[in-house]
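One chain, chain A, appears in both complexes that follow, with chain B as partner in the first and chain C in the second.
Now for the complex of A and B:
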């Protein structure tokens, strides 16, 4: 009884502190999302047709046309590839930052990692287009060094999309891995080493399991937005840049078919949630 | 305190409206940077009539219609692409125009002025203002002589060096022209589809803005592609790029922009004067020289341009007039069908 009393009391005290965040969430996320749920069930958005009624047809459209499933699979694959590359590149960088560099050097490298966040994402993508195209910065630089002629033209291709996305999302992986790696007590690593574990065994049996939460958090932060990305594929992907995200964008901007666009977005949301739910027990066990 | 401020503001507002009886405001709805909002134009109109021009903008035709629906009576003059006039009429968003009050109306070609898209039941709802083409432009470095057929885009030698806009309607219309069909009444959609899927391997990328196109030319990444006539003219004259418009013998897609007066406008008199000014040679020559403009619907305005001006020398030729097919209204259902076809083509192509 006394316990519930104090709990209630605590909640009452916490209420003014929680209010701004929850009021903001309600206003900025819950209401627009509810509106989108409603739109996704409409037959039409055009005010000239008064016969707009509720329907599930927009969701059925996803299943009736193999186009959307193909695109969704393609986007999921892109999400996996980008996340994997971010782990491969980001984890070692985070390890070096957390365990090897100290003081000024760490601050400087950290700044370099966060720097891309300070520039507009569109600017970043456009600067890649200058680097990757034929006769671009990379092509010119390679040809001036190499004794033989190479044509290096990655622009408007799938690799270009992957490069652009990895660059945009890598800092998330570095930061989350850094946080969990920094929390590992150096004494643990020293103990493992003094007990005769090789560097690789220490990494595999001590460091990696302890750092896993950071890697998983980073992966979720990267995978989810990449699956729905549309700007990078559109600008860097050329004619291979048609993905699930770009098709949703077209529904909103090109044909004004908000109902279908909203329905496709919610299907994506559902698929991502299912993936996260299914993988949650497995991940919890390994972590 | 707040109540006081409101009262004061209301009082000022009343004073304001009392003064405005002599100097009224004219609300114009148009694309941003599309002539009507040029400072020289608004100043000149103000000097001429004493009325202040207040510009508001839209980013798509759908947004333009939405703004008219949700603000009845706010706008006086609105720029409407002729293909969207029917929709505006169906929803009773525009009112008939008294063409007798527009002196420069007589300078417009009879066939354009009487377009059935702008004239319904004997009333004129839109005054043609400018027109242009969606057609082919070439990289001068890639061609000795300009190609005459649209089929040039399909040739193997241009593999990976062709660009088209990522727009379903434009893509379908291109396919229709290539298969010898009417762009407004595509009968054999399968032919369009197979023709476009043959074209896709040649595509380097899709362009979405004028800047995309010009950059690809500047870095010599493309040989040819679809482009807008006004943009090709600007690329040539303003940016000195090796771009030439090559209107193919199969035809080109034309669009027509018109001015309308919105339903419930409280300044109809001034709206007529504004449309008249927009058609005048004084306005058009300055617009084309300082900014770059599409072709004016007024013959007198085009004739006032220098002889070598792109809009007079190239766009004014009879060959172009013969080849243009003007774009007619497209229903929402057609638009969605086109988009779906275009998306599946793009996905199947890799």
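Now for the complex of A and C:
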């Protein structure tokens, strides 16, 4: 009884603090999203056709054309690959930041990690295109070092998309891993070592399990936007960059079929939610 | 179980000499306390024996084997940390089993040894709990079980009781001593708590500014401290500072004190110490009445404060601009009031020449 009382009381006190955030979220997300739900159920949004009516056809289109499923699977695989590379690259960096560097050195290295956040994402992607294309920076540099001629052209390929996306999203992984690694008491690592564990065993049995929440948070932050990404695939991927996200973008910007684009978006949202729901209990168990 | 030998070990952090040419041996099966104020280098010394820090100079031997460049996981030591450092992602049994598992022990052996270790610390019934479900004292026991289950050559404890409240701390001291006896492992215990060091250990090493100030049995250090630091850090002491003129110690205010009969110090600056409980207080009035003159050493003074603590009273006595402390057990004698003129008396043999 007393517990519920204090909880209610606490909620009343917290209300003024919660209001701005939730009011904003309602306006900025809920309303546009509701509009999108409505659009996705329309037959057409063209102003010339007056007889626009409600239908589920747009959702049915996803299942009738195997292209959409293929592209969605491709996007999911891309999300998986990018997330995995981010873990492999980001976790060790976060470990060094959290557990080895101290003071000034840590601040400096940290800045280098955050730096991508400070540059415009479009600029970032275009600068990659200068590096990766044939006759670009990477190609020229390699040829000036290597004694034999190589043509190095990653531009407009799947690897280019992966490189661009890893670059964009790596800081999320470094930051979330850093936070969870930093929270691990150094004495725990020392305790494991004093009990005879090698560095690798300590990492596997103590550090990694305790840092798992950070890895998972980072993975979620990366996986979800990567699956729906369209800018990097469009600019760096060329023909190889046709993905679920770019198709959705096309519906809005090129084909002007907003109802189909909206429907495809909601299918993606549903698929991602299902993936998170299914994986949550498994991950909670391992954590 | 092994003898630990530290020889001429130094370690400098930047400009700070944390441990400065320390030599000390820890006999097989002994219970040692390293006592000192914070920053004295006691923890750094312990961490070098453990293998978390490596000495710039000097050698460390465990069981006759030079270990100063052996990494911590190869030293076969057990360590208990100040905040216990239990793995939050493992159960109590999992924590204790960890050291056995990383050594590649088989499942059956692990189960048996874990059960034995938990039995030893009387926590067999909590094997499946998580560390956060335990009280401070229970965590302490788990940490201890985890450290000794691997049968280490030496057990290192870094202020393990400092996070516990006083009553629990006393219990754990007794418990720790019992377990140490039962296991027989050489134990080195770092603390800044002098009572803890006195009550628990066979021998004490006092550290200050990175050096061993004095090393010996608790009674020996208490009765015969070699320096003012040792005298005042381990227990309480009144210090008489003055000049030795060949026969007596002359204080700045002109008073003179007889030395112990066997003391043969050089002329010049000299310090004497006396424990507060060795000082007797006699009201000046009573002294005049009995007519007993200045047979034993004494100083005249006035009581400025009385602190009552149950079985005893601590008096502060002002004499010649100095404040002295006297601890009087409460017997049949009545309490002395603040402001009473008294004579502080003592036996010459209780004076300690520093």
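Everything that follows uses one rule, which is that the second predicted complex is superposed on the first by the 281 of 287 C-alpha atoms of A that agree within 3 Å, B and C clash if a C-alpha of one lies under 4 Å from a C-alpha of the other, contacts with A are read in each partner's own complex, and residues count from 1 in each chain.
The working rule: a residue touches a chain if its C-beta (ideal position, glycine included) is under 8 Å from a C-beta of that chain, and two chains touch if they have at least 3 such contacts.
Computed from a predicted structure; not experimentally measured.
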Which superposed partner A:239 touches (first chain B, second chain C, both, neither): first
Which superposed partner A:196 touches (first chain B, second chain C, both, neither): second
Partner chain(s) touched by A:133 [first = chain B, second = chain C, both, neither]: first
Chain B versus chain C as contact partner of A:67, first or second or both or neither: first
Partner chain in contact with A:250 - chain B first, chain C second, else both or neither: first
When both partners are placed on the shared chain, which of chain B and chain C touches more of chain A: B
Partner chain in contact with A:182 - chain B first, chain C second, else both or neither: neither
Partner chain in contact with A:156 - chain B first, chain C second, else both or neither: first
Chain B versus chain C as contact partner of A:9, first or second or both or neither: neither
On chain A, the residue positions that both chain B and chain C contact, one per complex: none
Interface residues, chain A side, partner chain C - complex: 185, 187-188, 190-198, 201, 205-206, 209-210
Complex interface listing, chain A residues touching chain B: 44, 46-48, 65, 67, 70-71, 133-136, 155-156, 234, 238-240, 242, 247, 250-251, 253-257
Parts of chain C lying in touch with chain A, wherever the complex brings them together: 50-52, 71-74, 76-79, 81-83, 85-89, 98-99, 102-103, 146-147, 150
Chain A contact footprint on chain B (complex, rising order): 60, 62, 69, 87, 90-91, 166-168, 200, 203-206, 208, 219-221, 332, 335-336, 339-340, 343-344, 346-347, 349-350
